[in-house]
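In this document, chain identifiers A, B, C and D correspond to the written order of the chains, with residue numbering beginning at 1 in each.
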Amino acid sequence: MSKVKMAVDLGGIQMRNPVNTASGTFGNGVQFEGFYDVGKTLGAITCKGVSAEPWDGNPAPRLAELRGAAIMNSVGLQNPGVHGFVKRYGEYLESVRSRGCAVICQVAGHSVEEYERAMDLFEEFAPFASGFEINISCPNIAEGGAAMGATPQSAARVMSAVRTRTKRPIVVKMAPHDVAAIGHALEESGADALALINTIPGMSIDVRTRKSRLARATAGVSGPAIHAIAVRMVWECAQAVNIPICGIGGVTTAEDAAEMILAGATAVSVGTANLTDPLSAKHIVEGLEEWVASQGATDVNDLIGAFEC
Amino acid sequence: MSKVKMAVDLGGIQMRNPVNTASGTFGNGVQFEGFYDVGKTLGAITCKGVSAEPWDGNPAPRLAELRGAAIMNSVGLQNPGVHGFVKRYGEYLESVRSRGCAVICQVAGHSVEEYERAMDLFEEFAPFASGFEINISCPNIAEGGAAMGATPQSAARVMSAVRTRTKRPIVVKMAPHDVAAIGHALEESGADALALINTIPGMSIDVRTRKSRLARATAGVSGPAIHAIAVRMVWECAQAVNIPICGIGGVTTAEDAAEMILAGATAVSVGTANLTDPLSAKHIVEGLEEWVASQGATDVNDLIGAFEC
Amino acid sequence: MSVPTNAHDTLANVHEFEVVENKCVADGIWRMRCNTALSGLLRPGQFVNVDVPNDASHILRIPLSFSKADAKNNELELVYAVVGEGTKRLSAMCVGDTSTMVGPCGNGWSLPKSDGRSLLVAGGVGLPPIMACARMLAEKGIGFDVIVGAQTASRHVEPILDELRALPMQQGCDCARTLVLTTDDGTRGMRGFVTTAMQDMLAERSYATCYSCGPNIMMRGVAELAHSQNIACQVSLERMMGCGFGACSCCNVELVGGGYALCCSDGPVFDASEVVL
Amino acid sequence: MSVPTNAHDTLANVHEFEVVENKCVADGIWRMRCNTALSGLLRPGQFVNVDVPNDASHILRIPLSFSKADAKNNELELVYAVVGEGTKRLSAMCVGDTSTMVGPCGNGWSLPKSDGRSLLVAGGVGLPPIMACARMLAEKGIGFDVIVGAQTASRHVEPILDELRALPMQQGCDCARTLVLTTDDGTRGMRGFVTTAMQDMLAERSYATCYSCGPNIMMRGVAELAHSQNIACQVSLERMMGCGFGACSCCNVELVGGGYALCCSDGPVFDASEVVL
């Protein structure tokens, strides 16, 4: 197509371009095959979070729309467990990989032991995984999740534990909180890359009933509303670590993705925009390449962290 | 008008209704007198942050508009110092007070000593002040500001210092960070009330120039985009403290204000909405009273923290 | 390439549409007709997820069922209640305006599994998918009767009722059918809920299959009545949705056996015996 | 009650307006005429802050200067360049559409402090406030000449140029005036910047006062030329604005003596010698 080099290396995960998808907003890829050829288009996809055993997730309602170009969700990592996941999606994900798109499997757990168990099962039964994303930042589960990633110490504990279970690249999905210190601790304990930010906990109250508009009191805010906050956190984290970052948060256009890259992200995940316009990630792949060319660059890697302040 | 009681007590600041204005979005009140009678309408106004000596504030540009119903600002507390402030606005603020609206003067500083000095000057020269708001959360100044409020220890240090300088009520304006722990520390060190949240630090990069769209790299995000996040933080803080809270963050409608009250806020400040629609605060005063009546309540105080989870 | 698609034949895509009619057809209820290639891909009981323009502060599409997908004329007919900001903006779209819709979404109605007459029960804006169901049955020559409930007379959608009455049977079958109207306040047809009318119908005639769409509490009553007579019952559920095609897991439906299905991709049509209504 | 108002006579309020004309008058430049009571409250060089509907994801109003505030006909004339999403939406407003504007905003032009002819220098969309200034001077019978620069011929706003030429002087004064056009590319009038034309004008005639509005770099050149001949120079500045009436301090203008003024409430018109251009 053009002579601009778009391939990036996200901590050992080789991506043909910097565009990834945020876990939980892209199904497991197959749901988007009607919109475009996922395997031939994207740099990577990140699958929905999967735990060792199946999880039911949270009761309804799990979703509310906010005025400020944002939504709140509280799915709570509904998933069929590693075995169910591999059985249902393994063959498809193998095909995604064979089309040149990296496949990142997301690992969920309520405790260090559960992360370890899920990691072991993935390591054995998911040969199609290019790498793994450890979710220590889900705001929507009662135990584990964000609590595991709340401090540098607890985050490092999970990371050290899973590090011994696989040689494949490990990305850690971080909460929108203290990202420099926690990012540093994760790097020290063996993370190959960081992904940030997860949704920001929020609350939406129906003022007639005085109850939450969702089944739980709080839920995760995502969408364009949080983009500027996410870019700042990516920038803060990038100053503090030497491992690559996947920037996430309200990325809706190629310009949004370019901001993430300038702030220090090696890759960028498209999340909520997949719901608004299912073609978003494809358009961002195209627009990002145009942007690199328009900057007079020949390699997107030369623009990572190129923000001038 | 109606038989609903709307008066609230914000840590000793008596407000005829719960509606206050967020510092920096309402000038010093007089700019809104063409829109409505400020002194006869609002529960309180919070003036722009003022330091002992005049501050120039940050270079231009100080403002950017974001897609997600939000703006970013980096004014950096431009102010004429306590003497200049009192000289220019003292008489007007006296008239606001005499019309039944509380006047909250905001105190800014780069260090504990500067807060003390400003507090002393206010105490002596601002008899019109119903109370004070200590700003330990401005994200837009290089020293002091948010740094002073970053940990429970540093926040308590400022609070303890100003507590000895005045007997009038002191509210502390908090950053969107660790609000339960810092709120608790502020209560312990003598705060009469808490105001949260200040703007959330964000970053907006012009992807053509690779530079910040504002003069500084980061700036504070405000507007409807952050409302759900702010409500959650007010709720978290309210669980942790026994002093009243003024809820701030994207409040644009009476429903937004009602959410804050249900989450535990005694008062609510209208901020960015004053720019979008200068009549916002007046409309919120009216709508809030209707909401209280529609809930079958006779006193807004009965709805504070009445969220059912 | 293996693509597990919940057994739906056509994967969802983004389709343009152009409004050719958009008007109020009952109190608070509007009908939009639009041109879109999607009309040739939809099956009765599926839905579309519409991007309503002019409010970038709301980022979700609006999922809408349809009453008619006319492949020959490239035309799709949506009937919707104006209940919030989104549907209000939808009602403000003018002839000639364009936007996009995602679809086909969901599974759609299944044809009856056993011989015999069908009973269709619609409440409120559950009417459009029931209308689509009636077309499906008529085309197959399967006899059916219909109960349509509304809060009050002014909320009954006359043009749809006319179509329900007049819908011709294919294959030369008998097209005699009963259309019973109810209103909560008795201002039109039978006073009371659709379930009262349904009890009368079940006493008079036997049915093999029941199709229902409307408020949850109504469908619960319909499903209980159907179950008591061993009538197979399909219900079409409504949920707030994120994506509409199984990507975000936000529109969960509680299953009788525990756990959740997704309304958008496992439904919106479910066997009433499998879901907690 | 003491209300320090930066010496402006009328405090800003929210005013409704109704579009009576909105059309393209040059390449990328539109003129909107609207009915609003605000037209009777505005002075030349002030501005209004317009709420452009149909995008709740953008929450700031758009500050716009005006070319004419006609109290008698209750009509306000805005001329604006379509440069971003906001002005694009503004250009999509139709006759009969309504919204609100905040105003009067800002200080407006001052009348000349000394006798003598005025020189008006506009660049690009700096034209509307210069047109308003010309009206002010004509009404007072103060003679003036005008230089109008644009990038290229198609960006010159013909109807405004016509008005500038024809504007009648009040009080029976001599209405002879020179109107010099420039374009950056030489496609109309003098090739080059307005400052080149200004040098010629200053060589031919003496002026007491200069009024200028346009790009910052242009006004810097104009101010330097004026200063070199001891001509008082007022400039009208443009900034991104939060409120438009002195509440948020976001639109700072650097002062020569250090510190900042606010464009919206201390300006938009400044003595060129006091601000860093």
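As a working rule, a contact is a pair of C-beta atoms (placed from the backbone, for glycine too) under 8 Å apart; a residue touches a chain by one contact, two chains touch by 3 or more.
Every value quoted in this text rests on a predicted model; they were computed, and no experiment measured them.
When the interfaces B-D and A-D are ranked by how many C-beta pairs touch across them, B-D comes first. Put simply, the C-alpha centre of chain A and that of chain B have 35 angstrom between them. A straight line joining the Cα centres of chain C and chain D is 57 Å long. One finds 49 Å separating the Cα centroids of chain A and chain D.
The set of chain C residues touching two or more other chains comprises 56-58. Within chain B, residues 67-70, 223-224 each touch two or more of the remaining chains. If touching chains are joined by edges, the resulting network of the protein chains shown connects every chain directly with every other.
Chain D meets chain A in the complex at residues 56-57. Of all the residues in chain B, the ones that touch chain D in their complex are 24-27, 30-35, 39, 48, 54, 56-65, 67-71, 73, 75, 78, 88-89, 91-92, 95, 223-224, 272, 274-279.
Looking at the complex, you find that chain D touches chain C at residues 54-58. Chain B meets chain C in the complex at residues 67-69, 224. Against chain A, the residues of chain B that register as touching in their complex are 66-70, 72, 200-205, 207-212, 217-218, 221, 223-229, 231-232, 235, 250, 252, 255, 258-259, 262-263, 291, 294-295, 306-309.
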